[in-house]
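The following pair of complexes shares a single chain, chain A, combined with chain B in the former and chain C in the latter.
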Partner chain A sequence: MDTLLLQIGNGLIIGSIYALVALGINVIWSIADVPDFSQGAIFVVSAYISYFAVTLAKIPYVLALVLGMCVGSFMAFIFERFLYRRWRGAGRVQLLCAIALFFLWTNVVNALWTAKAKMFPAYLKGSMFGFSYMRIAVVVVAAILFVLVYLFIMKTKIGKAIRAASQESEAAQVLGININTVNSVVFMLGGALSGAAGVLVSPLYAIFPTMGDLPLLKALVVVILGGFGTVGGVLICGLGLGVLETLGAGYLSSAYQHGYAFVILIIVLTFLPKGLFGKV
Partner chain B sequence: MFVASRIAIAVSIIILIFIPQFASNYVIYVVILAMLFAILTASYDLLTGYTGPLSFCHAAFYGLGAYTSALLTLRTGMSFWQAFPITGIWVFLFAAAVGYPALKIRGHYFAVTTFFFGHFVYLFLLNSRKLTNGPLGLRGIRPPDSILGIDFSSITASYYLVLFFGVLIVGFLHLLVKSRIGRSLVSIRENEDLAESIGINTSFYKVLAFSISAGLAGLAGSLFAHFFRFLHPTDFAWMISEMIVIMALVGGLGTLFGPIIGAGVVKFFLELVRPAPELRFILLSIMLILVLLFEPKGLVGIIRRIRGEK
Partner chain C sequence: MFLSIRDLYVNYGKFEVLKGVSMEIEEGKISLLLGANGSGKSTLLKTISGLNRPLSGSIWFQETRLNGMASYDILRLGVAQILEGRRIFPHMTVVENLELGAYSRRNKREIAREIEAMCERFPILGKKRKEQSSNLSGGEQQTLVIALALMTKAKLLLMDEPSQGLSPLLVNEVADTITGLNKDGLSIVLVEHNLRLGLSIADQVYVLENGKIAFDASSKDLSGVEYAQKIYLGG
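Take a look at the complex of A and B:
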């Protein structure tokens, strides 16, 4: 297998993780106007819970994935209901709260289960075209989730309400859309996606308390670059960032693998201070 | 300023002057770190409290200052007294160059960008092994050369050095925020478009506040480098930026003395959990959430409420 193709493939795999987290953050940001850093914590907590579900309770990996999504959803629901909701409209306080939650939960995980990395047991053996089945599964599951979210936002009634609220929150409320329900739903959706991403990525690498930091930061970049409200934009930017980063690590310098996103962000924002698609 | 506040400031400075006379080395050490963080939070307040943009990269400038000063003395044989001002100017200019494009970004975008910038600086410190010795840390930094017969290798002398520059920097910041410049900064915080419309060059003042705030953090870094004499990138990672934000918020943003009190109070609570370091950041984040929930104006807000002001 050609190295270049292998690297592009790996880029797409990690890029689909970025895109998953970014999709949730994107929907939340466009409705609730907060860059939800706490998704990074949800990512980690879900990964740990599903790890314990797989190793201690011996449940199958697919169920662990569902469990991780439920945990993520639940956490995001609680955060929104009891914290973010108090400060609707005060974006700065919400942002500080989001960062505090992210900080809090990563450190709670660290205190409970130590900083030592844990290895997630392999659930699939074998490989195809030089990619293990587990890596291919990441892309497949991510693709399925993307299609489901797309259908949810475009075809269901609540999806329509979400789109309406993201365009004109007040007008949507005048028309009888319950903004509280919409908020709860988008946070739960975001939490589920981050949870899924956390569980998907854990068998590929190890799990450790700070595993959410980088995917979170990359996802935020993807959201800023990819524009608001478009599922496609997030997908393209997420995969694009994953590929660029892997190629950069392969051909330029691997030490700065996690710095390229910042360089891209600065270049784009210098010329387009409002992001590629110019909302907000 | 009220008479009570003046008296409080005078009394605290006198107490700070006399601490090394009776306290143990451990207490002196902790107070030195608290004073360094007070410089950081006070300078952070100039940008985020007075001017408005929410920044999450203050520790990056602190780290740049620390490494610049250490490397200047190690590689060029400069003395601390030469390296200290050069460090301040260099970090100031660097921040101006970074801040000019970055401050065009508004709101959440700016906050997220600073978060990234902080991480980028951390990666740089960690990976430039030839320059910074990377994860192994930078050793062999000399204490400031003795002047006027004072030997700065002792902890008490370091204490007075940090106290001296701390009072100087805070005094400078106090004059700055009371001046015409300070009022311009506040007008930007209150309403940027309105400030622009009455003829305030908002982008100039924002870059100015950003650079001064960064330059002072750089000076704090220089003091830290020559006091601690060992530098490691994790001392300047994003958790430290986060700690500065929390200290400033606990004290009360936009009040200059609030963040200084915040630095002291938070440092005190952190020392209480010293035996269990993994609880440190849990405690910090809970403090932040409590402040946001119950008193967004921080300790200064509580004091004002007790004294019956608005």
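Take a look at the complex of A and C:
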């Protein structure tokens, strides 16, 4: 029983990371109509920048987290402003740009800081119920970020514009909503979430140039499973996927740990082509 | 001139939709734009409101050239559009929709007062103010769309098929609403497939054929609905 609870707990921790990256991708995809694979690269770059900030500049971890979010936000803003916006309406070109950005930045990181894994220093010591405080912090911070994103979208003026643009883009424009501003904000939001995910996961594992590959792929699965435009759907699917994957690794075979997500995806889409909570 | 369009060309990719449209819209009038499907009526309205970019030509609104301006800047000048197909925000309440109509303004008290006024003017909206707008009937949604446009405080309202999909009874209500708005000083450019409705309320009629204005006349000059129908259907 203890092992089962530990597995579920670990699943929730990794699921929180999937959910964070997926939320950013989901918001960007459903509003700007860009499948932004570059979020995987933002995840990696933010982790590295925060690592150097903590190890070289000796800044506290909380500030490193904020720094990682700012880096992610800035990168996403630049990508949108100077690349995706240029190709608005040309979906295939935007998709190619997104894939190119992902590989380009992974290679840049590799060239700058080598493929050798780096270990993020522990910022919290001790544990509770068999989980280290650092692992618990991942779930807590992810939960706080989800609530903040929800409040931002539901309660602020720009959040309302984002919702309007996602429901009826042209109608929103003729009512005075600047779609360029909406897209910039949405990309910055997505970048901040991916950046946070990268910094949160770093102290639990190692930092290396391809560390964004699997979270990106799993986040895409979560987006498709959860359905576009659903914050709750992303949260449930992210956590659920993390738990199922961990249980599969623990009780079936760890050799297929990263394949379970795609088996689940195929099964769900066979019976529910629109995903669990929204539309594909 | 209130709204002046000169030699306007608009393409969708390589397909020419508007091929040199020129027209003058007078202030305080209801101007009806007729034409067969695909003649470019909706494209013309979207180009005026900044959703489409013209290839060449010019659009002037009260001495300001609209070409190249973004929709939000055009709205600030006083040009609002009601898009075809009752384009409300379905997952928002009636009040949230109305608030979006005042998006470009900041005075919250004034906006709240205007929403109350709008709910008094259209009692059905007041009654259903907290309901999701997707739950409204077709007629109620059309009323909401008109109220949304009024919240923008426009001087010129571009209306694309406001009676589309409505029952005859509701069509009459929409006609009364449009006439009322016009009497209150709002200038209107109306695209309407319902000829009887359009001709009964319009001051000026323009017929768009093959991407050009084929002719324009006062609605009283037209010798009845049958004649207009012949032109309208391209016969």
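Miscellaneous remarks
Assume the second predicted complex is superposed on the first by the 271 of 280 C-alpha atoms of A that agree within 3 Å, B and C clash if a C-alpha of one lies under 4 Å from a C-alpha of the other, contacts with A are read in each partner's own complex, and residues count from 1 in each chain.
Definition applied: a residue touches a chain if its C-beta (ideal position, glycine included) is under 8 Å from a C-beta of that chain, and two chains touch if they have at least 3 such contacts.
All values derive from a computational prediction rather than experimental measurement.
Of the two partner chains placed by superposition, A:Gly89 touches none, neither chain B nor chain C.
Once chain A of one complex is fitted onto chain A of the other, the partner contacts of A:Leu104 are limited to chain B, with no touch recorded for chain C. With both structures placed on the common chain, the touch criterion links A:Gln173 to chain C but leaves chain B unconnected.
In the overlay built on the shared chain, the residue A:Ala161 is in contact with chain C alone; chain B does not reach it. Between chain B and chain C, B touches the greater number of residues of chain A. In the superposed pair of complexes, A:His258 makes contact with chain B only, with no contact to chain C.
With both structures placed on the common chain, the touch criterion links A:Thr270 to chain B but leaves chain C unconnected.
Of the two partner chains, chain B is the only one touched by A:Ile224; chain C is not.
Residues common to the contacts of chain A with chain B and with chain C across the two structures: none.
By the touch rule above, chain A contacts chain B in their complex via residues 29, 33-35, 83, 86-87, 91-93, 95-97, 99-101, 103-104, 107-108, 110-111, 217, 220-221, 224, 255-256, 258-259, 261-262, 265-266, 269-270, 273-275, 280.
Listed in rising order, the residues of chain C touching chain A in the complex are 46, 49-51, 70-72, 75-76, 80-81, 83, 87-92, 96, 99-101, 103-104, 148, 152.
By the touch criterion stated above, chain A contacts chain C in their complex at residues 157, 160-161, 163-164, 167-168, 170-178.
Remark: chain B residues 54, 56, 101-102, 104-109, 111-113, 115-117, 119-120, 123-124, 127, 239, 242, 245-246, 249, 278-279, 281-282, 284-286, 288-289, 292-293, 296 touch chain A in the complex.
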